[in-house]
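Order of writing sets the labels: A, B, C, D, E and F. Residues in every chain begin at 1.
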Amino acid sequence: MSVLAIGSHPDDIELGCGGALLAHAAAGDRVTMLVLTGGENGPDGGRGHVRRVEQERAAALMGAELVWGGLQDCQVVPDSATVRVVEQTLQAVQADLVYVHAPDDSHQDHRAVASATLGAARRLPRVLHYQSPSTLSFNPTVFVDVTAHVGGKVAALACHASQVEMSAMVEPDAVVASARHWGAQARIGYAEAFQPTRMVLDLSPVRRTPAETPALADLPAAWALVPASLGAR
Amino acid sequence: MSVLAIGSHPDDIELGCGGALLAHAAAGDRVTMLVLTGGENGPDGGRGHVRRVEQERAAALMGAELVWGGLQDCQVVPDSATVRVVEQTLQAVQADLVYVHAPDDSHQDHRAVASATLGAARRLPRVLHYQSPSTLSFNPTVFVDVTAHVGGKVAALACHASQVEMSAMVEPDAVVASARHWGAQARIGYAEAFQPTRMVLDLSPVRRTPAETPALADLPAAWALVPASLGAR
Amino acid sequence: MSVLAIGSHPDDIELGCGGALLAHAAAGDRVTMLVLTGGENGPDGGRGHVRRVEQERAAALMGAELVWGGLQDCQVVPDSATVRVVEQTLQAVQADLVYVHAPDDSHQDHRAVASATLGAARRLPRVLHYQSPSTLSFNPTVFVDVTAHVGGKVAALACHASQVEMSAMVEPDAVVASARHWGAQARIGYAEAFQPTRMVLDLSPVRRTPAETPALADLPAAWALVPASLGAR
Amino acid sequence: MSVLAIGSHPDDIELGCGGALLAHAAAGDRVTMLVLTGGENGPDGGRGHVRRVEQERAAALMGAELVWGGLQDCQVVPDSATVRVVEQTLQAVQADLVYVHAPDDSHQDHRAVASATLGAARRLPRVLHYQSPSTLSFNPTVFVDVTAHVGGKVAALACHASQVEMSAMVEPDAVVASARHWGAQARIGYAEAFQPTRMVLDLSPVRRTPAETPALADLPAAWALVPASLGAR
Amino acid sequence: MSVLAIGSHPDDIELGCGGALLAHAAAGDRVTMLVLTGGENGPDGGRGHVRRVEQERAAALMGAELVWGGLQDCQVVPDSATVRVVEQTLQAVQADLVYVHAPDDSHQDHRAVASATLGAARRLPRVLHYQSPSTLSFNPTVFVDVTAHVGGKVAALACHASQVEMSAMVEPDAVVASARHWGAQARIGYAEAFQPTRMVLDLSPVRRTPAETPALADLPAAWALVPASLGAR
Amino acid sequence: MSVLAIGSHPDDIELGCGGALLAHAAAGDRVTMLVLTGGENGPDGGRGHVRRVEQERAAALMGAELVWGGLQDCQVVPDSATVRVVEQTLQAVQADLVYVHAPDDSHQDHRAVASATLGAARRLPRVLHYQSPSTLSFNPTVFVDVTAHVGGKVAALACHASQVEMSAMVEPDAVVASARHWGAQARIGYAEAFQPTRMVLDLSPVRRTPAETPALADLPAAWALVPASLGAR
């Protein structure tokens, strides 16, 4: 399986679904991170270079491939150009599952990235939204067990030292507490929580041959899909 | 994986998640159906015996084990006794995943079975709700691809001849149309749609040894979960 | 058109949809009121008889037929017996449209009557929910213009003197204020507001002969509803 | 009645409410279609001219007047200029009822057209939202019976050959399946489904003279809207 | 201010709003706890007596008055008798604010107590719902800062040793984690989270004399509340 | 307490929360109004100057400080520049509580101001949304008693003569009616209604010393937040 995680700025992905990505990597899935801006306007005083290096280190630690979107921090809009940037990566990695910001978020970049991703992934059967510190309404129903990966998630976040130490929005202990909170909601230990736009489950391991299932044509007329009353003459 | 599908009356389960159960069976999962009443008050004029035989035939066709709940049609209430009936089957089959009616339904038995199941499955990480013809609000976000199993689902439903031919609520062609409708929503062919109470994904095939992930103890103090300010002396 | 309004106690219907019923009567529709209990436990100190007489006077003033459900005040439960009471009146008047309490209400009788009505009206294409003073969440999207009927609504409510003068829940001026509030939401003068379970619109005055619309059979194969890929052999 | 249907691109309106428009036309209502862009960026490789001709043919087949909004495909934004375009048509046709995209949609043009229409129609008592293949959350409660018009809807859609044959988002059989799915939800045959922003019902055929209803001034003081306690001296 | 917290079983209140109650007590408010059942069916094997003693100790530790409802564990129903039990305590303590279970809960007692409380408190301007481990949907928007009271909350919970040690639903570390999680949502340290049915804010410290505000009677006619067009002759 | 009310145009704030601001002023709170545009495009035909003078008079009447945002009427967008305008006033007045438009509104400026305020106030524990005549979905749960301030609110609105007399969206009598409607919902007389993004309650009058609460360290190991199973070596 090919998994694509999309975030607006360096460290958004780690905060939102770092544990799930580690679980995917551990399960043998291909993991790609698309970071749309360099986070130049973050609390590091324009040290865009520093944040890029930090992001590269975190991706390496997580066993993920890193792709930069080349957009401008705090200036992302959900127009057709942004949609195209996401589409290109979706196609390049042949993504089966996308993780992205929840749509209702107080940061304009997060809203724009969520919207553009929903546009780009309009034909994809699996789109899950993660929570950011600035997310507003969030009603998760899908969870990933990250009990074995909380340490790894924290380590990946710790790569973003310039951000974590200076931003009032990232609170390290709250990251661990939320994982435990969602774990209790999911009836497991530690979890990351996701709000699905749509999630097609994969039940595939073994498969009977289709010939074993009865044929529609053998069934009573009542089951016909286009009854005469529709006027299909 | 052990899958338990729960319904109030004969044919409820087939209508709501028959295709998904066929997909589970095809994937090698153990499938159990718990039918809480015999449907004695259905449109067959009290032919409870007929409906039981029909249900047994349908379960056999789907490769599922059938369990009867022994409750009375149209008299199910979500009290501790009903919770216990569901709990016993949950434990007997060591269920990993439960399918049950959506909670907002105009039939009192459906509401009661959904409530009692949520009580019985309070510690289970995977509970999905299916749609019945009498379901009211329903916002599915989780889907199962049943393109290969629509024929089988219709065949299972056709076992319930006494009900299908006489009830104004079961419309055979609408069953197929809804599967196509949800399939379009899920960006696949034919689908069954589910509203999750909670759904922990299984990402497990391969697993790295936990030793590879960094230890929390090696991280900066900022990540400590119980800061001094909490007053933990 | 035959309209059936259903309420738990005397005066519930007038409060919730009295203006709409007057508008229906003015438009020539048949209007029936089903009052499920006699309101014996209301603030009139067991004067059940008084409340029944008041209800009969109000129904007469509104040009509506009155049916009593015969249930016990404060003891209504949404079981199959209550469903049957509502079903009988639905069938007797051949209702096209039902008005009933909103489902989320702090009074147990209101909740029970809403539930039982949804069960009884499970095959009816038009079910609208009105707001009571004890209604909790309420998100109306369908409105009826009652600008010409606010006076009539207030007059009908004034018939229920024993209740209005003694209950802390019925505030006469708030009734008029809410009609103006909902009128502003509906972009008209005064309105009653309804939350639809389902509302099929009637667009019928004139009708072309069906022969004028193209036949499905003349369309390209892509439009066929059951593609070969479904396995319908 | 004057009905205005608004869509972002050629074929959006037919997909979303083509059956309802045919029902309106059959009932003698005036029907206008406002298509805001020419769909130049669609899957026909810039054949904007082709799509315009197709749209004109479909409108003619549906007995509807066609108005072009003159905006640019994939570049629609919900600003005051777009609001003005919609306002002008609303006023020109003196619309009583508007059909438009649902607000939560993964296509930026669809979101923008829904937003701009809600702004332009801010004083209109009837605004209904239709579902597009790219619509995300959608909770319809208002329905139109299109059993007699499914053939006509499909014929109108078939006019858009360049789009239907080349776009992965338009699936012909899913159009018919969804009409049947919503029909089952509405307890009728085939239906189109709508999410109302607000819908004032028309109950008008016959009307009593207002003089027949009691006058507010004749009622007890308790019903006065501005009690002395408000401080209205 | 008089605060009433209502729970189904011993320890429900401490889990849901123990920190807020400690904050109320610290602020000088009167705090009462109404525990409706003795928790006889809990995991302590019928040691109802033990649970009662534990509850009394916890209430004492929190500076709260304790009232027992006398209902039967696992058998609570939201009927008029249960409503009356809650009404009596509401009146006895002249409650200004009520804390109670959230309505959507998988435990039948929790649902019943929430429903009965909403009925009993139908005229009360302040009703807040707390989260239990078995709560299902929960969308809190009102928070209380419990940073200074997490230690006290844990101490109160530790009084319920028989329950905490034996129930799989109460996970001590998750209690603290959730407080931190909700604190991050509330933009403070540690918080308890509440879903309001209604919450009238108290802005009262100082108050101007009403004579200082302009009189309605001095305003233009346009502001009159009952326009002539309403027919109030 | 410092209260900041934010609106897009002159009179938006008075309509949405004028009564609450008067209540805050009466309680001794500092009240500031930030009006982001001059309302140049309003129904007064470009008399921006007139509207500014009206707004100044209304602010004076309400005892509030007035700040102008300097943006262009009908052209507000929720970008980083608008966020900065709001941030500056938030910091200048050290706001404890913000009132702003509800996010779901048919006017593009209202949506933009709500979004930008949520961005600017991302670290603020108290953000309440008020209803405008153009607000769409609105589910208020927090209320302020304005029974003593309805006269003052109407007087403040009457300052905006150029707008009130010429705009079809502002209906004077509906303002009073809505206050009574929400008052009935809040179980008080007249109220303004608010939808909270988050609202931390203030319970502070008296406060025990933190030393009185038990220490976490004295509690059983089960309460430790980072169990060994997390792998914190």
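The working rule: a residue touches a chain if its C-beta (ideal position, glycine included) is under 8 Å from a C-beta of that chain, and two chains touch if they have at least 3 such contacts.
What you see is a predicted model; the values in this text were computed from it and never measured.
The chains in contact with chain D as well as with chain E are A, B, C, F.
In summary, the interface at B-E recurs among the listed pairs B-D, B-C or A-B; the equivalent pair, sharing over half of its contacts by residue number, is B-C.
When chain centres are set by their Cα atoms, the one at the greatest distance from chain D is E.
With centres taken as mean Cα positions, chain F sits 36 Å from chain C.
Measuring from the averaged C-alpha position of chain A to that of chain F gives a distance of 33 Å.
Centroids of chain B and chain F (each the mean of its C-alpha atoms) stand 44 Å apart.
Among the residues of chain F, those in touch with two or more other chains are 122-123, 148, 150-151, 173, 176-177, 180, 197, 210, 213, 215-216, 225-226, 230-232. Here chain F touches chain D in the complex through residues 41, 74-75, 106-108, 111, 134, 136, 147-148, 150-151, 168-169, 176-177, 180, 189-190, going by the rule given at the top.
Only residues 133, 137, 139, 171, 173-174, 176-184 of chain B touch chain D when the two sit together in their complex.
Residues of chain B touching chain A in their complex: 20, 22-29, 122-125, 141-145, 148-152, 154-155, 158, 164-165, 172-173, 175-177, 185-188, 191, 196-201, 203-208, 210, 213-216, 219-220, 222-227.
Of all residues in chain B, only 78-80, 83, 115, 118-119, 121-123, 197, 225-226, 229-232 touch chain E in the complex they form.
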